[in-house]
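By written order: A, B, C, D and E. Residues from 1 in each chain.
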Amino acid sequence: MNAQMFFFIVFALIAIISAVLIMALERIAHRVVAMAFSFFAVAAIYFLLGAEFIGIVQIMVYVGAITILFVFGMMMTEHRNVGFGPDPRKTQQILGFVGVGFLLAFMLYAIVTADLPNSGEPYVGSAEIIGLELYGHYFIAFIGSAFLLTSALIGAVVIARKEAD
Amino acid sequence: MIVLETDWSLMTPEISLAALALLVFTIDFMTGIHGKKPFIGRLAVLSLLVTAVLVILLNPGGGSIGDLFLVDPFARLFKLIILIGVAMVIMISMYYLDRNPEVYQGEYYSIMMFAALGAMLMVSSADLITLFIGLEILSISSYVLAGFKKHHRHSTEAALKYVILGGTASAFILYGMSFLYGLTGSTSLVEIGQAMPVLFQQYPALVGMSFLFMLVGFGFKISIVPFHMWAPDVYQGSPTPVTAFLTVVSKLAGFAIVIRIFTLAFGFEGIHGEWSFILAVMAAITMITGNFIALTQNNVKRLMAYSGIAQAGYLLVPFAVVLGDFSSTVIVFYSVAYLMMTLGAFAVITLVTEDSGMTDISSFAGLYYRSPYMAIAMTVFLVSLGGLPLTAGFIGKVNIFILAAAGDMLWLAIIMILTSVVSFYYYFGFIKQMFMTEPRPNDKELFVPGGLLTVVTVSLAVVLLLGIAPNLLLDIFNQYNWMPSFN
Amino acid sequence: MCHGILKEKGVGMMHYAWLIPVFPLITFLILLVAGRVLKEKVAYIGIAGLALSFLLSVLVLLERIGGETYTYVLNWMTVGENVVTMGYEVTALNAMMLIVVTLVSLVVHIFSKEYMKEDDRIHVFFAYLGLFSFSMLGLVLAPNILQLFIFWELVGLCSFLLVGFWYFKPEAAAAAKKAFLITRIGDVGLLIGLVLLFNRVGSFNYAEIYTAVEMDQLSAPMITTIALLIFLGAVGKSAQFPLHVWLPDAMEGPTPVSALIHAATMVAAGVYLIGVMYPLFLASSTAMTVVAYTGALTALFAATMALVNNDIKRILAYSTISQLGFMILALGTAGYVAGLFHLMTHAFFKALLFLGAGSVIFAVHHRQDIRDMGGLWGKMKVTSVTFLIGSLAIAGIFPLAGFWSKEEILASTLINGDGFLFLIALVTAFLTAFYMFRLFFKTFTGEFKGGDLNDPTEETFNEQAAWEATQSAEVGLDAGYEERKVYPNHQEVPENEPRENAGLMTFPLMVLAVLAVIAGFINAPFLGHQLEAFLTAGLNVGTQPHGALWLAFLSVAVAVAGISLAWAMYVKGFIREDFFSSKAPSIHKLFQNNYYLDDIYLAVFVRPTKEISLLLWEMDKTIVDGVITLIGSLTSRSGKAMGKHQDGQLQTYGLVTVFGGMVVIGLAFAVRGYFG
Amino acid sequence: MMANMLIWLVFLPLIGAILLFTIPKENVNVIRSLATIVSGMALILTVIIWGGFDRGVSGIQNGTTLPWFDLGFLQINFEIGIDGLSMPLLLLTTLVTTLSIFASFSIEKRVKEFYIWTLILLSGMLGVFVALDMFLFFLFFELTLVPMFFLIGIWGGKMRSYASFKFLLYTGIGSGIMFMTFLAIFTKGAEAMNFQGTSFSMIRLAEIFANPANPEVLSEGVKAALFLGLLVAFAIKLPVFPFHTWLPNAHVEAPTAVSMILAGILLKMGGYGLIRAGFGILPDQAAKFATLIAILGLINIIYGALLALVQTDLKALVAYSSISHMGIVLLGIASFTHSGMQGAVFQLVSHGFISALLFFMVGAMYERTKTRTISEMGGLSKSVPILAGFMLAAAMASIGLPGLSGFVSELLAFIGIFGASADLIPAAMTIGIIAGIGIILTAAYLLWAMQRTTFGPIKEKFMNLPDARPMEYVPMVGLLALSLILGVYPHILSDVINTTVIDIVSRIGG
Amino acid sequence: MVSITLFLALAAILFCIGLYGVLTRRHLVIVLASIELMLNAVNINLVAFSAIGPFANITGQVFTLFVITVAAAEAAVALAILIALYRNRNSIDVLKHDLLRW
């Protein structure tokens, strides 16, 4: 077991455990923290894969922006409420578990049986290459995402805005 | 460097629409938050129509920007459908917003235009990323639009359901796409399509999984069973013009992109045979479920949602049966018919439900006495949706029957025919309300505003015209080589 | 002058035979359109039309005697390669029939003018009479069996209309329906028979059918089948056992109608039909035997029923059935001429008897029970005498018409039939004489038992009352009210004593009486069997049997015996009137109730049919339609069931989506084997 | 010229309907006269076409084929034409519709719409009878659904909603099944021709299916399935037991004029379709199923008659009598003889007139007495003698009284069934004899009904009913006269039918 | 180098945990977080393919950037809607929001 493997296992476990904690914890604030941890572990995975730029963006956007956004969302709503009491939908839980379990089995089966070959050396992309691609080949998508953000911005403002009256 | 080497004139309609959308937003921005702003609506309609004209006039020969952006007849036709559809939705909305002054008007129109832009980008794209961005512009705009009546509990609930389930669906699509990329190293649909036959031999399970995940995601967007569950709730809760938008524009754009992906990426070298049966089964289930549940509905918008699900099933049939110019012709023809009849119907529904303040089907009681023209037009739309003669819906549907039969899927045609007959029941239930029930005591004669009248009249004219002389459209379609890859 | 031109062209009167039915048709049409306006004068139009027909018939007959059969046809319809024609034909037989029909019809028209004068629907009556005469004459003139069938049905229609002429009487309506329906049974047999003929022969024409029979184009079983089916038609129309039950009920119609249709002409059409199809019958001995026995049984049964009835018209009706049975018996025993001869003579004397009965009924204000009559001899001279002549004729007393024809029938039974048939014929002859004179004596001799003719409470028919009791639930409480109101002829009757009717009513009686006396001579042996020669010329109907002299004496003796018994019972009272009924009450009851045939039919055919129909209707509603309703409700219920999952919980939706995805995966796996 | 006339004929009523749209609904009289004029013009056109009809030609005449639209792989044509089968039915359609328009003058409610729908319906029905392309046939077949739905649903009786939906869905399923089968026929035909020169033309497909060189694709089983599909589809319209249950509901609820059209023309589309498509394209299968068809016909005759016997509603009785009479059509065509086939067509036409007349009379009585329950009527001859007389005449025509058209068709059908070859129908004789019982039953229920409605003592409340109005004479006299003409001189119809019938029968070598 | 299969498996597990969260959690904020988790799984896939996939190239990372953008926008809109809903209904319990049904 080399170091890479060790780190992979560590971060993967952190990611998975934090993800499970998001689901399992009682307090909403704790859950959001767990989410941040999970995102952080994913960022670490990116670093492990040599995608530093993406890893940094992941930390900035997810761990930074989105987590904060969720905290705001939490604060502006029912954050004091610890839980909603016992879930009446036992079947929903079980069926959800079974369904997702089967799906996971199928996915893992497909992934494992495919046994994809690794490329010899990991491809390391720099921010520069990413930038060139982004502003070159994927220019249309880039501009498109600008409109996406505009639309989302306007929409979020309109919907979340609390009128003075 | 694609930016510098490209003929950007291919994107002129998109660019101008983007500019006009920003213009609309800016003008709105400068005229204050509150108050009725009919001129903005008119401007939006005008912008969309101008763009539509640009789509018609420019680039008749087609072309492409790298592997990203295709301008082929298929894309142009669907762009026209989208632009005209959104223009008509906005005309319906102008009446609706007039009755609901709490809704922000400028934002509403501009978001709708952004959505149109996203849809246009989507149907033209031949690259997973571009496509995904276009899809998300459309989706996020739709989420917002669904929740635009933010003080209305139904509206926000609809938006919430839509955003959560839609987000999940996006995740499914992306997950599927990630494998496509991973296995080919490219996001270009054409390249993926070229690599696909070999890949399919090599990694059948992975490719299958990728296909199925995308099927779930896109199936959600075009609301085919069993991924349709969100549609009735969201359609019911959204503001009525937005429901029209979702039923028509969003769904047809989704169809366009499904066809694009599944033909370009999964379409050839025998792979079609692998999944066509699945699609056919889903089409059958969709038709059955949509029509059967619609039988039991009393809420107009919910009923139209189920009807829309059933219609999605019909649209799926030619796609499941065969790929190529013929099926594209049939699909595009039915899309045009669907656009016109559904939007026409929604124009009337908006008028009636807004007037009565309720969305129960009984709000249509005695519509014939209150506004004969609306009642007759609605009858034509419903008859067309049911697929009865002298309407575009009949020709469109029968074309699908013929295609299914000719493509050796007679059983599918049979299910389609039988479920169509089932659909008579609820479509004619409307008609019964309009013509055979007395109006409620307080209902007065309906005043029909100009915008709605225009929408209804145009739809009516097109539905009837295509019902009688479908060759007007089909002759044009037959000349098209819908997608370059069809050769 | 017209005549001259016709002669030059070689076209005789027979070419104009088609006009014979057309005159009554024209009267029908005139009365149909303008009847309400003409009112009283309608009778003259009807009489005029029939008079013309009669004159023309006489001319045609005169030309036909010694002439040839004349046929004229037009294309009527193309059936594949076969052409069906329609037209007319003057043969010996139908020339004779033309005379009989037009003559009887004419006198009935004349009689009706008086008889129906107070009915405000007299124009309708005469219109119907015109239509009937047209149909009957058309039937007679038909050159093919299809055309015969067409007019056969039309006379059935007229019978229906005329029996139900007083439609407001429930029993008349019921009788009309019964008459039509039961003859319809026979008609279907006839229709099938002629269809089979057409399929085998390729034509409906008599001539071609005869040829086909002669050339053995038809197999023997087929001939028997066809003959029996055609005979079924005759059984229905000529009221033979077991389809005779309609005729007594048909007496609900006005009496002139009974005289014309249900005695002289239409009911004889069955006999005529057998006569026309005689070569076919002759080719099948089975068919002949069936015909003979049916006729014999009918003759006997009907006579027994006539013995005990008290309704003057019903007695005559049973008598008619019995006499028709005689004719059929004659035809069944190869007595072609005998049967048709009796048809003719019977037409005259039975019409006479009916019109006489009509005269009596008219005089006693529409009462028909002979127990309420009596002693009319002195009051109605002409009616009484003519009625007596008629009774003697039917009884077969020398030298009246009935004697000659009946003697021939006995002869053919004796010679061609077996002893049993002969015995039946003899017994029937005896019974005929007895019941006729029972009727005669009870009606015309003794004291008048009718009481005050203007007493409205007397005007009840027992049967009618019973019928109404059963119907009252349906027709409502006002039935009694209606009955009082609708009888047209009761009003303003000043006399309370029966007396002789006006000349227009007695004149027809006299004409017919004369015929009943002399008609027999045309086939009298000492005059050389003129009719036989005329009818059999050019036809292959076998040699006609003739009886020895002792037979004639026997026949008269039997008749005299019957008359004597009647005289002994009803005039002198040597034997008590209820002698037989008290000795054998069950048999009496059997006779009186028409052998319970109506009840049997009701129990065996009518009720089960109705029960089955009700059952089927129930099934139609619950099962046949129920399946459809079930499919419909299943559809919407499954719609509801599917819609139930739409519980508003977005996570349910998500779950459905996931499971849907699983199903799709499973589908891909199952159908295509992705992972293999 | 004639061919153009056919096109005009089909679209004239549609144009008339559009014209009616423009007239304000208050001008009731203008609307009525315009509707009458339009259908009258259609009638005149049909009469001219009838006059120009070449009786010697067995195939299609006055045919036109116009390209309509192109699906790329398939050209859909507007192919119309007439032969001895459709010509009489065309005339029937315009005649009965025109007369039923006269019969509908008593309708006061929403007059304008009524005539618009009637005229659209007329277009649809005419279209069905001239269409030679299966697509077109289906189009016109479906086109009749909507107007009928409205006509029953708006102007119908108490249960109109139920009846109209039942009609719509039931016959909708029927036309659905029909089109499925058409599609299958088209596909199989195309396969047989290797997708060369495929079309929906019935004439063309008949040729393909008749070609013995196509055994592989057109196996017996396939062809049998196709024929059964058509049989079921048209059985619903005709209607044939057990698919008949929509008919009594529809008839009982429909207004008089609509009942007249429904029974007089719409049912005929089923019989016509069966002969045109079923026997035209798959004659050998039709021959194979001859026994089945004959037995179905027999069941119809007896079943309809038995049910009519116990109806309490006069209109339902007439409706069931329609079912019974349509059995004769089946019996006739099953026999595969000239006379039988001719009798079937004759029955289509004749029953068109007779049932229309019967429904008109029942409607006229209902209008006066406000009841259709047989036991509540009685003695109506007293107060309305003319109406009662016509009703009796109609009943007699329905019974099959000679001299009226019903007899001729019954006779021909009987000649047919008794002449059917034993290879086709083994028990033809038995079937024919049982069918004969049906004739007796027909007389039974109709006479029973007449006895209970027009005969017997009259009720006081019916004493002063008004007799026939002048306008009512038009349909009464017209329909009775038509029935009379056909009954007295059937040659005028039979020589139009005959040549075509010979052709159809000869196709199975019969 | 660690086999790509492990990365893909990790992604699959995270995706399924996210999906399970969407399907069963009652707190709407957590449901939204679960969606983010699913998108993160997609990103892991993309980056893994980009780095050590059979056809490793930069495109996957570019794609990831777009996904992140979209995820952020979506999260913003979703939370905006959530807040609007909370204002209307005073609850962010999934179970409470079933006005629209049947």
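Simple rule for what comes next: contacts are C-beta pairs under 8 Å (C-beta built on N, C-alpha and C of every residue); 3 or more make two chains touch, one makes a residue touch a chain.
Protein identities per chain, from UniProt: A = NADH-quinone oxidoreductase subunit J; B = NADH-quinone oxidoreductase subunit N; E = NADH-quinone oxidoreductase subunit K.
Just so it is clear, the model here is predicted, and its values are computed rather than measured.
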{"item": "Number of hops, subunit A to subunit C, where each hop joins two touching chains", "value": "1"}
{"item": "Taking each chain's C-alpha mean as its centre, the one farthest from subunit C", "value": "A"}
{"item": "Most distant chain from subunit D by Cα centroid", "value": "A"}
{"item": "Busiest interface, counted in C-beta pairs", "value": "A-E"}
{"item": "Middle chain, criterion being Cα centroid separation", "value": "D"}
{"item": "Approximate Å spacing (C-alpha centroids) for the pair subunit A, subunit D", "value": "70"}
{"item": "Interchain centroid distance [CA atoms averaged], subunit B/subunit C, Å", "value": "77"}
{"item": "CA centroid of subunit A to CA centroid of subunit B, Å", "value": "31"}
{"item": "Rounded Å distance between subunit D and subunit E, as computed from the means of their C-alpha atoms", "value": "64"}
{"item": "In subunit E, residues with contacts to at least two other chains", "value": "15, 18-19, 22-24, 28, 32, 48, 53-57, 59, 62, 66, 70, 73-74, 77, 81-82, 84, 87, 95, 97, 99-101"}
{"item": "Subunit B, residues touching no fewer than two other chains", "value": "129, 132-133, 136, 140, 143-144, 147, 150, 159-161, 164, 168, 182-183, 205, 208, 232-233, 422"}
{"item": "Touching two or more other chains - residues of subunit C", "value": "643, 646, 648-652, 654-655, 658-659, 661, 665, 675"}
{"item": "Touching pairs among all chains present in the structure", "value": "A-B, A-C, A-E, B-C, B-D, B-E, C-D, C-E"}
{"item": "Subunit B residues within the subunit C interface of the complex", "value": "160-161, 164-165, 168-169, 204-205, 208, 212-213, 215-216, 220, 225-227, 229-230, 232-233, 274-275, 277-278, 281-282, 289, 291-297, 422"}
{"item": "Touch list for subunit B against partner subunit E, complex", "value": "128-129, 132-133, 136, 140, 143-144, 147, 150-154, 156-161, 163-164, 167-168, 170-171, 174-175, 177-179, 181-187, 232-234, 236-237"}
{"item": "Subunit A - residues contacting subunit C, complex", "value": "89, 92, 95-96, 99-100, 102-103, 106, 109-110, 113"}
{"item": "Subunit C-touching residues of subunit E, taken from the complex the two chains share", "value": "19, 22-24, 94-95, 97-102"}
{"item": "In the complex, subunit B residues that touch subunit A", "value": "1-3, 11, 18, 25, 65-66, 68-69, 104, 107, 110-111, 114-115, 117-118, 121, 125, 127, 129-130, 132-134, 136-137, 140-141, 143-145, 147-148, 150, 159, 182-183, 203, 205-206, 208-209"}
